[in-house]
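Below: one structure, written as structure tokens.
Naming follows writing order (A, B, C and D), and every chain is counted from residue 1.
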Amino acid sequence: MQRLINRPDEVVEDSVRGYVKANQHLLSSTDNPRVIKSNWSPTKGKVGIVTGGGSGHEPAFIGYVGKNLVDAVAIGEIFSSPSAKHFADAMRAANGGAGVACLYGNYAGDNMNVKMAVKMLKREGIEVKTVVANDDVASAPLDEKHKRRGVAGEILMWKVAGAAAAQGYDLDQVIAVAQKAIDNTLSVGIGLSSCTIPDVGHPNFNIDPGKMEIGIGHHGEPGVSVEDICSADVATRKMLDTILHDELFASGDEVVVLISGLGATPINELYIVYDSLCDMLDAHKITIEENFIGNLFTSLDMMGATLTMMKLDDELKQLVQAPCQSTGLSKF
Amino acid sequence: MIILSCENLIKVANKIIESKQYLSDLDGLIADGDHGINMAKGFSMAKEQILACSPAPSFAESSEMIASTLFNDIGGSMGPIYGTIFFSLSEVLDRDQIEAVALYNAFKFANEELMDISEARKGDKTLMDTLACALESMSLAIADDKSDPEILAAFSEGAKQGWESTKEMVAKFGRASRLGERSIGVLDAGATSCYLIISTLVDSIVADLD
Amino acid sequence: MQRLINRPDEVVEDSVRGYVKANQHLLSSTDNPRVIKSNWSPTKGKVGIVTGGGSGHEPAFIGYVGKNLVDAVAIGEIFSSPSAKHFADAMRAANGGAGVACLYGNYAGDNMNVKMAVKMLKREGIEVKTVVANDDVASAPLDEKHKRRGVAGEILMWKVAGAAAAQGYDLDQVIAVAQKAIDNTLSVGIGLSSCTIPDVGHPNFNIDPGKMEIGIGHHGEPGVSVEDICSADVATRKMLDTILHDELFASGDEVVVLISGLGATPINELYIVYDSLCDMLDAHKITIEENFIGNLFTSLDMMGATLTMMKLDDELKQLVQAPCQSTGLSKF
Amino acid sequence: MIILSCENLIKVANKIIESKQYLSDLDGLIADGDHGINMAKGFSMAKEQILACSPAPSFAESSEMIASTLFNDIGGSMGPIYGTIFFSLSEVLDRDQIEAVALYNAFKFANEELMDISEARKGDKTLMDTLACALESMSLAIADDKSDPEILAAFSEGAKQGWESTKEMVAKFGRASRLGERSIGVLDAGATSCYLIISTLVDSIVADLD
């Protein structure tokens, strides 16, 4: 295992400590070392935006804590949900008296821990409502949408909800717009290599040289098919077709495109994918209003990329384009 | 009469701690190989806490300590799942001398609480299979008016059957679920830890039976 | 080779085209497809800032084209200097009538191509002056400093010079402050794996599992020693000691720290390195005024990291902290 | 009389194009393995350009086309280095019928121009070794009043010696230089392409000798 770490079971502690030291202008630690909060949180009267999940997806989740974005985040072990207490503490840190929106991804552990945290907070009189992201088209068919995992589309959900909360939306409105955001967002991933969890020490699964896995999950959950590696054009076409199959997007739509590397893929390849995608969406008469490209939601040292598309209406467009500041995403 | 004390739970914790590698290896066959790590971490911390108390805490108090450690420090699925189980036990088993039927009621309550937070059901290749079979077997023994030792034996025996039944199942929950058919032929890690917990608890109770 | 590309020899064309499409708010292509220019370039009366180099280091070099940063960039093949014509065209694109500062890294090819480009521009009456970055401490001893390669320290040189040019410095002043910036900057890298040039198709060199290479260059130029992988703390100590050995930095100094991943190293590990470094610099009574952490100057899919430190005076500090905008680096 | 035409340079280009893999393999042993790619790309483009001209361009014109292709489209070190060489040749060899000594003067001029842009010198394990040895050997043949065919043979022979001498050298320039002592035992890629260019040029000139 070729890694720059201290003890494998301290990767999360060490890196979060370094991250907080490096970004004091944006965020700070809390009494719970597994919770960090934005310097603007809590803002009295503003809905608090909370998320959380396993580590190893950096900059997600900590990288989206900042101004007009996520207020507090619960940090789990590598690829493992934060505990109920961590979620509860993040909710407490984000609570400005106007309730808390906990916007997270659809994984069994996160579902259970958030559910318990919400119960705890309720006893304290803090209202928490949740939206569960399920943007990963490849993880279940449309008629079992509730089973789909949440992946990089979560970033757009946080962006929209963070902007909405900053603009004074109340809790129900924030929840409604976050739900609309994720309902309008679909993602799909392609994996070209495995990844290694430091505490495990060997690759998490296997992708043979020359092969790629379409629809892979960002913890390496097996995809829908293993195929020979194809050109970026063909791979982009496969990803786009998977997304279009849901029939959410239609000619004339305005969209946000988010392309994330999974960690070890050079970012110039993400731009090759974007270049292909522009031509394909042009042909479909779908207009790209915004794009976010980079290592935005990773899987440790996995090679591959994810494509996320969000369909815009006037409200979503305004919220996506509103200014924000964080290490993972900034808009001027 | 069944006598409950923190000792029962110390033994359970020891069992989990010594099975760390075995549980991780099983998890590694069809999922991410950390079940032993997660479980051993939680039960070591809880054990320290129980042992640090003086006087020795009651079964219910110890059970609550396990639950809160799991809720506080163990993320993933195991924190809320086993946290819910031990929290439920601590709520119901508030006396130190009980009948076997009271143990049954406590685990039945735990199982119901669990179904409230997890969508997994019997047959989905999770620890639910161990728990559900254990409860069914125990309830039959109770319906048959069996003695406490027989009821306890049925509990442990049912847990074992439930555990072993996961081998031929297709995983529907957790990381193993994405393997589909390829998950057949391997015992479920969570079902294994659940069997170890139930059988160790039963063994320790039986050893103390008067 | 696990890559998302079309034809291996079109990686640069395809990715640059995608990059330009994705960042129209910041930059645009020129008649020469190997030259891109900032939307603010040329600015009449402002010194033009130009750089360039081989591709495969993304976001370098294209990612530093933007506002108050680099005006135009010449783009080479993967790990290969742009041609003399590309450099010349970049200089033309950046020329606002106040001369052009070409600030690049010390590689034989770049040196020769820039030299020829400067000659071409001279014939056209455009004055170009150059600063050659040589911040890589491990690439030659201090008494052969002119042989040292330029690495991630170039980013700080561009930042400083870009801000200076925006503030109205004339050509000689920009050159002087860029030279001061790089003279005050030292870098060192650690490699944990090789990288694969798409057009070559197999790893460029070899690092055995369990080994790391101290002082590696960002094209994989062999380092000063191959050792067993150690903890992040020890690795950070080795990098810092290599830098401190030059005796540029002393107790009481204020510095900028830049930590870049080489491409495939998860960024949480960069924060582990930063965490270690903070403690070590504390002990040396060296104060970190600014930090830049991320995949800022990469080597395709190489694992590893580089540490760069720049010693500040009042002028450099003000220029480093001035606002700028680009995909690789932004300051609000 | 030596007769020069674009044909000589087409043959040189073909030689480089067909040696693509060999040159890259050599470069790969101690550097980044792209020398063949860089050279073949430049010479293919230049060849297309020469062939597209009608009437056929002169040697000088063809040489300038090669130079400008290298300057414009080939980055790295090869663009400016071979660009300078062919540009220098195009400046000096402006007649189609020359003596061998004129060829010598042209290459000597190219070598000087090259030393102006590159700091590499003979002994540094670069193409300079091929060029320098070729010129030395040629100048001896000229001093000895040898015939044109003999002078040409000496040019080619010297290039070969210079090329082969790089095998035992330590690289001081280019990517191979960081290997230090470890670069010993391998022929330098640039020295190899330079030998191929000189020897192919000589062979094609000799074939046309009247």
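One rule holds for everything that comes next: a residue touches a chain if its C-beta (ideal position, glycine included) is under 8 Å from a C-beta of that chain, and two chains touch if they have at least 3 such contacts.
Small disclaimer: the values here were computed from a predicted structure and weren't measured.
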| item | value |
| --- | --- |
| Minimum number of chain-to-chain contact steps, chain A to chain D | 2 |
| Reference chain B; chain at largest CA-centroid distance | D |
| Chain C and chain D: spacing of chain centres that average the CA atoms, whole Å | 33 |
| Inter-chain centre distance, chain B versus chain D - centres from mean C-alpha coordinates, in Å | 78 |
| Chain A-chain C separation of Cα centroids, rounded to whole Å | 29 |
| Rounded Å distance, chain B centre to chain C centre (Cα mean) | 56 |
| Chain contact topology (line, ring, star, complete or other) | line |
| Inter-chain touch pairs (all) | A-B, A-C, C-D |
| Parts of chain A lying in touch with chain C, wherever the complex brings them together | 1-7, 11-12, 14-19, 21-22, 55-56, 58-59, 190, 192-193, 207, 209, 212, 229, 231-233, 235, 263-276, 278, 291, 293-295, 298, 300-301, 303-305, 325, 327, 330, 332 |
| Residues on chain B engaged by chain A in the complex (per definition of touch) | 28, 32-34, 37-38, 70-77, 79-81, 83-84, 117-120, 173-175, 178-179 |
| Complex contacts: residues of chain C adjacent to chain D | 9, 54, 76-77, 79-86, 108-109, 112-113, 115-116, 139, 197, 199-200, 204, 217, 219-222 |
